[in-house]
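Would you mind keeping the following structure in view while I ask a few things?
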Amino acid sequence: MLAELINPYYLQVLSFILINIILGVSIYITLSTGQLSLGHAGFMGIGAYASAILTLDYHMPLVVGIVVGAILAGIVGLCIGIPTLRLQGVYLAIATLGFGEVIRVLFINLEGLTKGAVGISSIPHIGRELVKGLQDFGFKASMIGLKNNQLISLSVFLLLLIITLLIIAFFIRQTNSRVGRAFAAIKMDERAAEAMGVNITYYKVLAFAQGAMVAGFAGALFAHVTAYISPADFSYHRAVEILIFAIFGGSEVIWGPIFGAAFLTAMPEILREVNEYRYMIYGVLLVVMMAFRPQGLIDTQMIYKLKQRRKKKGVS
Amino acid sequence: MVLEVRGITKRFGGIQALTDVTFQVGKGEVFGLIGPNGAGKTTMFNIITSMFPPTMGEVIFMGKKLTGLKPHEVTEAGVCRTFQNIRLFPEMTVLENVTVGQHCRTKSGVWSSVFRTGAQKQEEKSIREKALELLRLVGLEELQDTFADNLAYGQQRRLEIARALASDPKLLLLDEPAAGMNESETKDLFDLIQNIKKLGITVLLIEHDMPLVMRICDRLIVLNFGKEIAQGTPEEIKNNPEVIEAYLGREEEEDLA
Amino acid sequence: MILEQLINGITLGSIYAIVALGYTLVFGVLDILNMAHGEIFMFGAFMGVLVTNTLKLPLIVAFLVAIGVTAILGFLLETLALRPLRGKKGVSHLAPLISTIGVSIFLENLAHHFFGAGNHPFRTSFSEMSFQIGTVTVYAVQIVIFVIAVLLMVGLSFWLSKTKAGKALRACAESLEAASILGVNTKKMITTTVIIASVMGGIAGVLVGMAFNSVSPQMGLSMGLKGLAIIILGGMGNVKGAMAGGLILGLAETLVVVFGESGYRDAIAFALIIIILLVRPQGLFGKASEARR
Amino acid sequence: MRKFSKGLISLVAVSSLLGITACGGGGTSSEPAGGEKPAAETAASGDTVNVNVGVVSILTGSGAGYGEAITNGLKLANKEITEQGKVKLNLLIEDSAGKQEQALSSAQKLMNSDNVSAIIGPTLSTEMNVVGPEADMNGVPIIGTSTTAQGIPQIGDYVFRNSIPESMAIPASIDAAVKAYDVKKVAIIYGNDDVFTKSGFDTMKAVAEEKGLEITTIEEFQKGQADYNAQLTKIKGTNPDLILASALYNEGAVIMSQARKMGITAPFVGGNGFNSPEVIKIAGEAAEGLIVATPWFGDKQDEKVQAFVEKYTAEYGKAPDQFAAQAYDALYVLADAVERAGSDDRDAIRDALAETKGFKGILGEMSFDEEGDIVMDPTVLTIKDGKFQLFQ
């Protein structure tokens, strides 16, 4: 029964959805202080490359690689965030775009480290490593009636699910706290936030670094799920795609980019015909969303109404 | 003295917005800052709160120099303001707006928020209680879950005051709080400012509604083209020929009535 | 050798400059970074290919068609992607940026569909014309490109500063509200601006096709990002800055190749973006006060 | 905590919903997921072996042109194989859009939902780097027909390819050029931000060094660049006897066109990606003097080849390129292996594939070596008088 339900194909698609959800969350954090970053593909790439190189060339355990990758991306985010702080809006977006492209060019040219455009292959795969670990403990896929590849896909999916839920929980709690309110205040009116005693420098850099770190984390996971990365994976188009998750789903509440990432990743799988027009749809989507619903499909009002309705139901 | 403004001059490019303005505000006073449009009143507020630096001069608050601090440090020091063109956080509820005001008096960071430590929970609770208390003070308790954007004009003005009060200021800067208010709202505002004064908070007030200013202020300074033309009690100001001329010349006679 | 490389650099720089002029015009008046500019440029280039290679019509027709089509694209861009956002409550200043990114993605993929992913040859007898100065071969196209770049820059500066329409445009650049109070038809002015900028992109497209014998859907993105770097280098909204910035980037890219680091050729533009924004956000030729924050 | 659990519930709800819809979308394929070997039963019912073959190819996006040629070649081969009636192959074609993630999802679908016995594809080496290990782990034989990068067959025992790698094509063409033109000095130009051109360059450089040729300069370019004048001017200054250009035909043709215009007359040697009739279309006369090594030569005086060209042209309205030809041969190789294996068992097919020796297809005679890489002698061609001809 279980064995028939667990199809690696669906799990694979769901795993990519989860990684994209994490990316959506990463851009949401940056946007939650009103900063637009077009450099998230770069941060993702830093996480991916750092983890791949550490695990492959230095034989570090996967966990170490992924965590170091994320932290490194966060540190780079910090280094980029501080000087770019004095840039606002469009200028920040352009500077981050430049940053992302410079990172990609470095991946291409630092051949000794990154193998250049050819990319890094045979990166340790999360699922395979995990199942190998389980086997060392004497646990085999057949023990729960699964095939080996089913167990691998299942373990990848479950691991990513747990990680994603933890990340979402982390940022929901942060949003509903003093820190989150400071973020929101800066996004809505920077000067007023400043006048109310919010240290805007600190919180903007914090949000930028957090966003970079989460993107790096997603990148590291990506590297260990596909087992192969190349500079082309972290181009300008990827940055725009990440941004679209938030623009389409909504950037006011965390559910927006989560929905956006899940929907837009699943869409081409369900409607294969859509694939042909995928990017055209993305383009039109951006224009239409800006004209008719710049806050995205899911916004504060919607969540608020849902909550009110639930409250009413609770009373009656 | 709570506030000492010493020889403030501000130039924007070629325009002289303020020239050598000096005044002092005593503890518990309501001090008025009046003058025709473009006299440099709001510029003065911006300099006191360090939104931008003065070209010359300095601002001392309770013996501490504010000039050169960052705006949030000024708020931390105990000076908070409202804005002439209301700057609430539109997509936050009324209650949330006030909680943001308490930012610099609270300290939970990322980790304590995410792990919901005891101290953080305690703090959140007290933030909420204090916010409700302030909303009661300005009469917006009923509307706590409304989005700030959906409030009526007068209510928004009062919410801004509540938000500023949330930062526990010793000095409150009000920028035209009565603008756009009807008579009964203005009366409520009068009472509110009286109450704030009773709390021991010093108030610096920019206002065009002269009857309100004359009734509520202990002392006043009058600016015209960025220069002081008079300083004193409402009674002294009313009878100052230069002030009358400045206002008469600008066909705003009735303002002084 | 070095002389030839200088000519290469100036040709490339002139093309960059024409692209950047369109960018800077829109930014100067509307305060909008038109990320779709590169793709409009690409469509102009494709029109050139279509007319000269497929329809076998003379070059002048190619220019006219490219101008016509890019003008229409500019009009559509303004009416469909920019106007709906203008003056709308609660729209952040990032909205036009995102909207034009949307247009750029759409146009790039539309070109993919229409023309395929590959490079298209752009052969005209004119692009073969050349003459010899000493040991150096100079192509007529190279001179034409440089001359057109200079003419466009001079014309644009003159138009902005001396003509009535230009003055109205500059009033719009100062403040849309004030301009409309002064009786300027801002809607018309804005539309005109976007159309003129797009047409300049279209002209640049045909010139590039002629000079390099290559047109592809991807060229828009690459050229668009270069244009972006140039206006940041030259100062946003600064016409002469765009010209100077274009030449600087063109020469810099060529010199990088001369000194043997051709792998980093594309990175120069992006590195310039970051450095200039951090060190001198108003651009090399901008006034300091323009870019407060 | 309440908020968190709420979030958890909605996420699980969303993902299960997606799962269900995905099931709905995936259910259209011929075989239900689950049963161990559903195809085996059908196989037992007839005399011929009936095998599901998955195809991962680029059907949409910028690389769709390659995918089209490949699937056309496969379909044509399958039509003939079915007519011959020795084995029956059911082609199940999935799109990868040229993206690794999607290629992997598609391959998972084929291996797990459709229970294919073998996979042909994916199109790009980058995709194969992701799909190959997964197929190998699942024990599904996979044949790349267009994946030319280094290290592909080395991914695992189940990974094969019948496209000739750069390490085979480039030495052959450089050899031929060196002999014909008495080459001493070479210049290299390559795209450094592309997997194929970069790995092609690595081979070129190694071969040139090995043959003791002097490398006058190495120039790089990037995708989307339209202006190669700076690099070419520099190359011209070093006056090489031969130019090695690792570029895709799109860029390569433009490079040649700009080079000839500049007065560079030296012949060009290109890699696999440079080998396309499109070069002549784009560069015109400037394409003269391009030398490439290829497994595929459409004008070869060979009955099989001419029959293929004729049928293909009749069916699809254009002449086949090397991608179509390689795919065509790959399916024949697979059919041959299935016939020898006599079942749809994945392992049996793999073993039979590995034993392929001296297979005669339209590309020539080929074998797999012990790693699963192709062994054959490529043909060296040059562009002369506006068309590809045998290089003498």
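Worth pointing out:
As written, the chain order gives the labels A, B, C and D, with residue 1 at the start of each chain.
Just so we're on the same page, a contact is a pair of C-beta atoms (placed from the backbone, for glycine too) under 8 Å apart; a residue touches a chain by one contact, two chains touch by 3 or more.
Molecules present, by chain and UniProt name: A, C = Branched-chain amino acid transport system permease protein; B = Branched-chain amino acid transport system ATP-binding protein; D = Branched-chain amino acid transport system substrate-binding protein.
Everything numeric in this text was worked out from a predicted model, so none of it was measured.
The minimum number of touch steps linking chain A to chain D comes to 1. Between A-C and C-D, more contacting C-beta pairs join the chains of A-C. Comparing each chain's Cα centroid with the centroid of every protein Cα atom identifies chain A as the most central. A separation of 72 Å divides the Cα centre of chain B from that of chain D. Inter-chain spacing, taken between the CA centroids of chain B and chain C, is 48 Å. Centroids of chain A and chain C (each the mean of its C-alpha atoms) stand 33 Å apart. Distance between chain centres (mean CA atoms), chain C to chain D: 38 Å.
Among the residues of chain A, those in touch with two or more other chains are 105, 108-109, 173, 176.
Residue positions of chain C touching 2 or more other chains, listed in rising order: 90, 221, 263, 266. Across the assembly, chain D contributes residues 61, 192-193 that each touch 2 or more other chains. If you draw each protein chain as a dot and join the dots that touch, the picture is not a line, a loop, a star, or fully joined; it has some other shape.
Chain pairs that touch one another: A-B, A-C, A-D, C-D.
Listing the residues of chain A that touch chain C in their complex gives 34, 36, 83-84, 86-91, 93-95, 97-99, 101-102, 105-106, 108-109, 236, 240, 243, 247, 277, 279-280, 282-287, 290-292, 294-295.
Touching chain C in their complex are the following residues of chain D: 61-65, 192-193, 217, 219-231, 233-234, 237, 250-251, 253-254, 257-258, 261-263, 278, 281-284. Touching chain B in their complex are the following residues of chain A: 170, 173-174, 176-182, 184-185, 188-189, 191-201, 206, 252, 300-301, 304.
Chain C meets chain A in the complex at residues 33, 80-81, 84-85, 88, 90-99, 101-110, 113, 221, 225, 228-229, 232, 263-264, 266-267, 269-274, 277-278, 281, 293.
Interface residues of chain D, counted against chain A in their complex, comprise 3-4, 7-8, 10-11, 14-15, 18-19, 21-26, 33-34, 59-61, 95, 97, 100-102, 104-105, 108-109, 111-113, 126, 129-130, 133-134, 137-138, 149-151, 155, 191-195, 197-199, 202.
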